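Letters A, B, C, D, E and F name the chains as they come in the text, with residue numbers starting at 1 for each one.
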């Protein structure tokens, strides 16, 4: 009739997560794994979210989660205080008081297969996927091909449809009418990967957090041509992974005692920081007529 | 009747520029001043642009400029080759072949008064301007007050009106209805200045090149409240300075022999790298209804 | 009749502590101030202890302390997790769950006057106290003179009487019959201060945590003579400060609303790690007859 | 009848020492091998001592030694002067004037088998010895098991009996009545090896030079339980090696011409710096009744 | 009849050079390969020189060279400006204006076989050549033997005859009458290779740029004996390579279209900086009678 | 009648030397002052030499010196052994066995007035001397003017006459007929001072240890013109100081007891390492006819 087993323990939940996303495959500078909690505590509700913000922690507390799984680390830089005067301290304090364990899968989730990059590549319909580059044993990013060539403008619509909508939208650099087929992707911040993208022969690179100088240098190096660039937003390019992680964790827990009673949920909070955008496309570069400059 | 003086020399033009924007006020890591050219060459046409891109250099060449003044350095990192295989090398080669001198005013122009930050603050109508912070003798950024409080949404429109239009638009993080009056500004990349902004008591910070992690941490530290953030684009927040620099240079050259025949012009090329945006405000955070998350 | 004021807030307690031991007088590598807690929480019981060990935290919890003041930092090295798998994590978790604020006064307490060094110097009856050395504005250690010269053996008894008894006892290097009068002191680890001690002209140096190589080199440099060395134990040389800190805090809170109801206490737990000693003085160097070495 | 061979040369003595304790097995930071002397000088008397102190050098001179073998380096840090104003300079000068060669076997002797760690492990009667950890090819420390479990108090007596007596005695951290059987040992300073000790599963760790902070952190990590700690003194834990080295050198020189006339001796000087101890066990942690703390 | 092929392209010339002197065999700190030029430009005249000085560039321009091959890098340290105010900038500007491509083969030419070291060793008639030392895959310097032993004085004449004459001449340290047979050579600066030379068993080391302190220390280490030292000048020891490089390039281009019409030439400019020498041998150490020193 | 005072002590001799050449005026990287000896030993004979080579130490021993004063440090890099297997060890051993104290005045002698640079400037007849540059309180090098302009060739003869003759001779870079009057000098290695020399307006720079790359870059920066360069040899440019030091020490010891009996002497050993030179001026750059280069 009912499940006679005790509750799933945090120890078992963490073991399942780390079998999927081994800690040793994280980058050396990264800080992944268990951040709060006691391995002996029971786990009945698991919330998945991209960032462990105060709102997300509040959602977890309200829903009664005892395990929060996030992609981004809470304590990437070491802390010397968890007093509530800082946001990091307030977050740790809120988690500990509500007895919510936090587990982070960051670069170890990026390089997993399926992981952040492959989920993104799959969502864009890329075939023949291969790593964008390699660091040691790990595959960084992915390169694949679309079923058929499309214009850059149409490709931007493909991206917009595949990813969750946001206020920030999707920024594109390149000729809207140019054809693209080979696509490189890397969830999150990708502006230190332009050498790899050029070497890959990709027509377009989908990533996020692109800043003026690296992007302009990449566009100069491309002499205005391929590879084009799509900044699809840090949250949007990575958040698709949450459903994958939830599904894989449930499979991994399949025969673990007590796991059948565990409830899981992906957070409804968009942790992209932008609330709204003004004046986008006010001067689309592909249509802009040169202003007459003043001459003295 | 006519001007009997010889042409203005590059030596005199550089001297005038460096009296306005002294090289020693640049940051230690910065690389400013003369990048190409011969101090004895004549200067008849001066083009002002934010970035020394290949397109800008071509504009200079076509117009017949013999001096290009830019805000961003061409060779911030030292080069060991100027062969045309790299974009930097192609740029240097194009400048040298066309005998165009390049002079850069970067962090020395940021901290000048009037300079990049004050021009931006003036454009937004800020009164009672004071430095956002100080490094040695130099003032970094500005803080000032609007004539009257306005909502954050209306303030975004103020920014959009004051700055040149771009494809990328202006991204805003914060409650659109919240009132703002004290404004911190910093042209270009400002996501390493959040401590100063918080200390300044500003209601909103206008800058650019904001990335997910620093912005989200700043929003957490603000517990979702003030200071709000406006990413108005790197090019847009800095390009207003070009007209100021042109005007100040003409004044500085007022009594220099040969300068009366010099023609000047601000480039018509927008060197913001984004061509177009898709899906902005598709899910405005201020209106979004929480999605029901799946529960297994 | 009764005190109509609300409880003392942590904000006020921290302000009082930091007026006595300003954070900016701590060494650059040190991590002092508030480690756990919320500035708005009430403070009714304050426990003082040298080290924030799990036993001390348990004592605080059992007694109902809501503020723990310690000399040694809990998080001198930054942490990336407070899960209970590590002792540091278990300590933070225990403090946060029991709503106990932790405040640390370390090198800022060392250099205060009265502070760790002056309390130790006073306990040994040193007159004419002066700093052992200076780092910037701060005085490190103290040098003073005894009322009258005593033998090194008798001085060791003076130290043993002045400091709380421990299992580890007091180790002495030098001729027991030699006379000493000028005494240098430095609570805690002092074996990087021998140059200063020699320069001070002290006859004997009282400190702790002395290791073989630095001590032997110091004894060689002294050619077996002055300055002699007394390792009186890290805990014992610093723990006298706790009563001073308690007393000074009460004075500082004198007119703060709610403070009259605050209870304070010095922990009864000796956090010296040594439980017992075997064989001390089994071969006292001052009495040992040379063994006949074997000759082949 | 008599030995017709010339005297043993320093060249041959050094070759024998370095066949037993190869220089390349020393740690990179270490400075081992010949410190003073001329390879062509004759060697008739060899003194073994832990530290090349001025007293030990004087013993060597008085006895007529022409080779001094020590465990600790004289010049671990490079010197720029050997004037007699410094103790190091006075030591070098004394050795050179008395024509005494000094040869040092430090970390190369630690990792040898038999070497410092195995001699210590043997003295404690440990069976099934294995390395505590490894650095490259080298074994650091040893772990082994006692013939039968004993209480920690009795184990401390075992250590006291096995090692030469000193003034400093043996400090123990842990429950005197707890049973121990698996023992980790490391001669000299071992407080940077606690991770290895925990990983080894040892019940108790015998080493020396333990300071307050690392020890207290190790005790916290052990939650007051195993592994317990024994600080048996730097000199005492390493000096047993001297007899082993003497014996092995004599074997190695067995057929070397002139070696049969060589006399050898282990120094009778204890170079532990502590002369006497006061108040050890004055407050044994295992018996101490909690003091009533003052409450205001 | 005539060659119907188009001109040799810089792309093909660079490919040929880099097949002979692969860029990846250069030292990590070195900066080799193409410095100026466009891979699509035609190459009709190639000049070879040791240093890309302004005089050499002028020779190239005057002769009509469109490719200059040098051994020493022009931009070993990265430059942030090529304005003509600096000599480096003036050199780059002169090359770019005259459309002269510059290609550098430095440490990749040193280690090639044949390369700078083997050409030097061959010129001195050394047989049984082997590397002086190795760095990774690369052979540094060469050691070989003369056909028969000669006096150091005669060997100096051999060197003087084999190398091009200069104003600086050849400096020798050692007994002129001592016999030498095994010779180590290293073109350019070799005073960081004395350990390798001693290990090689060479009687004499031919290199350049020898400074007082390293040379005197090497002579002390040799106790005035072998290995002796010959400083034959940086330019002279390396310039023999130029003819070898020219010849090898022509062979490599043998079947490349358009290459048959290419003219090549070794520069006639000696870029050794010394114009003349005064007073050499004024006090030959091998003949000097000790002066009577003054005694007060 | 006779001098009743005891011998001069090393303590007094060192005090006199360090009053003339204070240790604190040495560069931070330098190692000056007493290297061997005992402050209580008597000093009867003092030898002055540029370098503490084995030959110089032998001269000191043979003459019976008990104090050797040199300009160059023996132990600039710290040593971990003084065994005679290394030249440095053999030198220390020889000094200690012969009871010869060694005192070094290096960069503290360079910057003294009179010191190495002023003695050199005086020898060349320079008037109106001023520092070439400054580091903190110290003057580095000197700049002065000749009584009348002379050709560079004649100036080289002036240098050759003023300095002691050597085998190495004096190397000159520049037009022999060009006129020079303002002269910068710096004894020893000066090829890191070219910026200062250019800034000083000197016509010619006299120094030593000049290497190909820095010299060629300096000549390029000078566009073949002023400042010209003279490499007059490390030993020759510094050895004039020895007589000055001897004279000043005698004055400083004037009224010190026992000093009247002290004998002093400047070493007769030239520690320039070059024994002879071959082929100097074989191809004087000022006369060389360009060779016809081969053209294929």
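Just so we're on the same page, a contact is a pair of C-beta atoms (placed from the backbone, for glycine too) under 8 Å apart; a residue touches a chain by one contact, two chains touch by 3 or more.
Remember, it's a predicted structure, so these values are computed and weren't measured experimentally.
Fewest steps needed to get from subunit A to subunit E, stepping only to touching chains, is 2. Of all chains, the one whose Cα centroid sits at the greatest distance from that of subunit D is B. Because subunit C and subunit D share one sequence, their contact can be compared position by position; here over half of the interface residue numbers appear on both sides. Counting C-beta pairs in contact, the pair that comes out ahead of the other among A-C and A-B is A-B.
Ranked by how far their CA centres sit from the centre of subunit A, the chains are topped by F.
Centre to centre, using the average C-alpha position, subunit C and subunit F are separated by 54 Å. Centroids of subunit A and subunit F (each the mean of its C-alpha atoms) stand 66 Å apart.
With touch defined as above, subunit B holds no residue shared between interfaces to two or more other chains. Order of chains round the ring, from subunit D towards subunit F, by the touch criterion defined above: D, F, E, B, A, C.
Considering their complex, residues 31, 33-39, 73, 75-85, 92-93, 96-97, 101 of subunit F touch subunit D.
For subunit E in complex with subunit F, the touching residues are 51, 53-55, 72, 86-88, 91, 153, 156-157, 159-160, 164-176, 188-189, 208-213, 215-217, 219-221, 223-224, 229, 231, 234-235, 243, 246, 250, 263-286, 288, 290-296.
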